[in-house]
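What follows is a set of structures to go through.
One chain, subunit A, appears in both complexes that follow, with subunit B as partner in the first and subunit C in the second.
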Partner chain A sequence: MNDLIVFENVSKFYGEVLGVNRVSLTIPPGITTLVGPNGSGKTTLMNLLTGLVQPSSGSISVMGLSSRDANKFFATVGYCTQFDFFPRDITGWQFLVDSLMLYGMSKLTAIQLAEESLQRVQLDKTAAWRKIDGYSKGMRQKIRLAQAIAHRPRVLVLDEPLNGLDPMARAEAMALFEALGRQGIHLIISSHVLDEVDRIADRVVLITGGYLIAEGNIHQVRQEVREKPMQVLVRCDRPEALASKMFAMNHCVEARLHPDGKGIFLRTGDVDQFYSILNEIATEGIVKIEAVAPADDDANAIYQYLIGSEGGTL
Partner chain B sequence: MSIYKHHYRVYTGRVTPIWTRIFALARYGLAEAWSTKITTVLFVICLIPPVGSLFTIYLSNNPAARLLMGNVGTRVLAIDGSFFLRVLTIQSWLAMALASWIAPRLITLDLVDNALPILLSHSISRFGYVLGKYAALFATLSTVTWVPCLLLFAYQGYASPVPWAASNLRIGVGMLAGALIWIALISLLGLALSSWVKWRAVATGIIFAVILVPAGVGAIVTGVLHTKWGFLLNVPVMMSFLWERLLGVHSRIDNALQLPTRAIVTMLALACCLSMVMLNTRIRAREVVRG
Partner chain C sequence: MMQQADPGLRKDLMQQPWALWWLQAKRLTQIELRRNLFSWRASWIYFLAFIPTLIISIHSIVDPHDPTSISDDTQVFASIVQLYYIRLGVFFGCLGIFSRLIRGEMIERSLHFYLLSPVRREVLLLSKFAAGSATALLLFVTATLANFALIYLPFGAAGRDYLFNGPGIEQLEAYVLIIVLACLGYGAVFLLLSMMFKNPTPGALLFLGWEAINPVLPSMLQKLSVASYLRHLMPVNVGVKGFIALLTVETEPVAGGVATLGLLLLITAVLLYSCYRIRTLEIRYTTE
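Up next, the complex of A and B:
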């Protein structure tokens, strides 16, 4: 058993509708963010990865396993769908234990793993003994997450796992994802809350219209699109002066004052020369520069660069 | 540089055989089916005729009680194949009503809630999923069909002053077989039709319609064309023929209009196959919303 998820030239068509087309992808352990607008093929990719649908062509291997070997495959993969489904009239605890028994655990093992899983998602046992129908949205999300990780999978696929969580619960979930990623699990997350997920992601997969458009470390992907203008935030005492100086050098294509007036967003087509000139300006002492930081070095911005306005909203 | 210790432990313990996992789904199914009071009310209604039949058997085998009731004639209270055929027929149609209420609860809710991706991401196949739901429906319908029928048969065997059960074993076996065939048919049909309809109430209506509308068409065909083959669309008549033959009861319908057993079995098998095709088409883990 290797530790890679490999898509080889995978296509999936639903009749004449394209799901994904000729996707070749290798995902090592760690946290991977799946980014794309609605209808881009993210969920199809996740369904293929979790063995829920079979590819029309190509092959998928998850840690060397095929979904045809159902018993081993499904024990390796944990899936938390975006849908808020629970059987009616059942407690969170029953849901967890039954789910584990569907994975083939004995009742005793299922109870132990369910307790461990509840601790991980920080849902107390009293709440777990209540009927899910009375749960808040955040608690429902937690119990779904607990169900996905309870059987200790090596690959965890989470479709919109932060939906419905309050800021505190969201921070807890992020910490849990980060911890799982550090422990060597494959964590594949699709989320619209990109700014939060980006902070913990090791790599990003960008998809639109069923086609893979970029993959890799977020910063590496950003490097690959250097010809696109990049936005940099410069914190300084005289932003207007800095802007006029930068425009005079002919590298900037756009400048926008920070709302607090103590900084400026500059968009440049040549980031290397931009930093070189910025150093010169700082040395000359015309402007007192306090901080410089990329303002769009995240998956969302990269995505917008790559697909422009055609990709729809994220 | 951060160095992380990879100490995540995957589960490597023993797992149960795949077939045993169906029981977890059957339990889900039963929980869904019995989560409404209407199911309980229907179930109680289904048990009223067997209680009446039990009283009839008691009266039939107890001359003193018959005397107290105004000396009801023994012909009225004859406990024979015809009596058990009536019991089986009544219970079967009550089971049909129960199935048309429960089957949509088992399938429609899962499809509407997009539950299949999460359920099928476990080590359970689509066939296993349907089997789990089928088991829940089968178990519930059994409690109102062959179980009470056989209990009544056993009671008659016990209460009869003369040895009765051994010489009428065909009635018992026939009731069991007849009820199992009926449950198998209506369970499959109920699940299949429920998988194609989004609203539970509509699904309940459609299950009845699929049985009764073709029966009406079949009766018209039989009446207009003077042919017995119109009965092939008439599930109630086909089942009556089958139950009569299984219990060894003489039919009241003219022999010329009787359908061959082979034709009845073929039609019922076709209905089951069609139901399985419908389930195979609809029970998929594909999520409706793409994103």
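Up next, the complex of A and C:
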């Protein structure tokens, strides 16, 4: 069994409507973020990965397994969908234990794993004994997440897992994802809240209109879009002087003073040349530079460049 | 000479996780039974099953039960089974029970939990069918037994004599077999219809029409009907005329064993096709 998730030239059409088109993608273990606007094909990609829909062409393999071999496949994969619906008249606890019992485990083991997953998502056991119909949106999200992780999958697919969670619950969920990522499992997350998932993601997959437009390590992807101006934050004692010097040398297309007045955001079209000139300025001693960092080397900015939407919460 | 089974196929079959599938099937059936039987939404199916029981109960209280009228009540009971249970009660009861199993879950958008479980889809479908069958059988066989008892026991010694020394028990066995086969047959058809159509009710009504006109169809087409097989198992003929005769079934005479086998083959064929359908089933709730 290999440890890769592989999409080979996968296309999915719903009648004449395009879901995804010719996606070829290899995902190694770690946290991968799926980013794209609504209707871009993120959920289709996740549904394809888990066998909820079948590809019109191409093939998908998850650690060498196919979703057609349900026993092995779903012992390896957990999927927390964004469908906010549950079987009728069921308690959270029953939902978890029923799901676990289908793995063929004993009731005792199912109960232990159910308790463990409730702890991990920080859902109170007394709440779990109540019917799901009476849960808040955040609790429903937690119980779905608990169900997806309860059998300790090696591949966890999460579609918009932060939806409906309050800030505290979001922070807890992010900590959980980070912990799961550290365990070396595959964690594939789609989210509109880029700022949060960006912090923990190892890789980003950008998709729009059913087409994969970029994938890889966030910094690598940023490098692939070098033709787009990149923003750099320079912490220094004389930001105005630095900006005027940069403009004079024709290597800056935009400058914006940092709110605290002790730094400046400079946008450049040629980042290598920019750094070289910055070194020269520092050597000349005109400006005392304290720190230099890419200001938009994150998924949000990449998304903005490639897809053309505004960043932040999409 | 007997042909040897392909050793590769046999080895393949032996290597399948039958014990796990059996365990999963049992657990799925338990889950489904809990949901089918102990839900307020199932109350109308209880009503369909037991409304004749209520009427017969009232009849058993108010009627003097003259021993000479046993044959009349035998006709009444045969009519209840053939005109009500087979044509309406079991038919619509099974429509409610079996179309909920897959289509109902799609409408409620909860089917994906099953499709994401480590259960082979064929096992899932057959388990759901088993649970639906168990629900239907529990309700309709219980109702049939209760009806039978309420018809004959008020006759006192004459009724007991009819049951234990006359044809009573044999008739009861035949009625139970008819109800069992009706539940399985209609169940298999409605399970399939619910996977083929977003709203299985028009399809079911067409099927009801098909069952009604079946006696006038060529004998080949008569084999594609549930009620036509059941007719050959009826222990008592129902002599009705006019519009209501449409609810009875008159087909070419066939031996009871052949009719049972024919219906079981029809159920098997429908279930095999349903297994094929569920293999290719996709979750697209937005189009539901």
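One rule holds for everything that comes next: the second predicted complex is superposed on the first by the 296 of 314 C-alpha atoms of A that agree within 3 Å, B and C clash if a C-alpha of one lies under 4 Å from a C-alpha of the other, contacts with A are read in each partner's own complex, and residues count from 1 in each chain.
In the analysis below, a contact is a pair of C-beta atoms (placed from the backbone, for glycine too) under 8 Å apart; a residue touches a chain by one contact, two chains touch by 3 or more.
Keep in mind that this is a model prediction, so the values were computed, not measured.
J.: On subunit A, do subunit B and subunit C fit together or clash when superposed?
T.: clash
J.: Touch check for A:Q54: first (subunit B), second (subunit C), both, or neither?
T.: In the superposition, A:Q54 contacts subunit C only.
J.: First (subunit B), second (subunit C), both or neither: which does A:S99 touch?
T.: The answer is both, since A:S99 touches subunit B and subunit C.
J.: Can A:F265 be said to touch subunit B (first), subunit C (second), both, or neither?
T.: After superposing on A, A:F265 lies clear of both subunit B and subunit C.
J.: Just subunit B (first), just subunit C (second), both, or neither: which does A:L113 touch?
T.: Once the two structures are laid over each other on A, A:L113 reaches subunit B alone.
J.: Thinking of the overlay built on chain A, is A:D89 touched by subunit B (first), by subunit C (second), by both, or by neither?
T.: both
J.: Who does A:R182 touch here: subunit B (first), subunit C (second), both, or neither?
T.: In the superposition, A:R182 contacts subunit B only.
J.: Return first, second, both or neither, reflecting whether A:F247 touches subunit B, subunit C, both chains, or no partner chain.
T.: neither
J.: Please determine whether it is subunit B or subunit C that touches the greater number of subunit A residues.
T.: Result: the larger residue contact count on subunit A belongs to B.
J.: After lining up the shared chain so the two structures overlap, which partner does A:N71 touch, if you call subunit B first and subunit C second: first, second, both or neither?
T.: So A:N71 meets both subunit B and subunit C here.
J.: Thinking only about the overlay and not a real complex, which stretch of subunit B clashes with subunit C: 1-9, 217-225 or 271-279?
T.: 271-279
J.: Kindly list the residues of subunit A that each of subunit B and subunit C touches, one partner per complex.
T.: Touching subunit B in the first complex and subunit C in the second, residues 14, 47, 50-53, 70-71, 74-75, 79, 81, 83, 85, 87-89, 98-99, 101-104, 147 of subunit A appear in both lists.
J.: Please output the residues of subunit A touching subunit B within their complex, sorted ascending.
T.: Contact set of subunit A toward subunit B: 14, 19, 36-44, 47, 50-53, 70-71, 74-79, 81-85, 87-90, 98-99, 101-106, 109, 113, 144, 147, 151-154, 180, 182-185, 190.
J.: Could you please specify the touching residues of subunit A with respect to subunit C in the complex?
T.: Listed in rising order, the residues are 14, 47, 50-54, 70-75, 79, 81, 83, 85-89, 98-99, 101-104, 147.
J.: Would you mind writing out the residues of subunit C in touch with subunit A in their complex?
T.: Spelled out, the residues of subunit C in touch with subunit A are 17, 20, 23-24, 27-28, 31, 35, 39, 41, 105, 108-110, 112-113, 115-121, 280, 282-285, 287.
J.: Quick one: which bits of subunit B touch subunit A in the complex? Just the residue numbers, please.
T.: Its residues touching subunit A are 4-11, 13-18, 21, 24-25, 27-28, 31-32, 35, 109-110, 113-115, 117-125, 284-287, 289-291.
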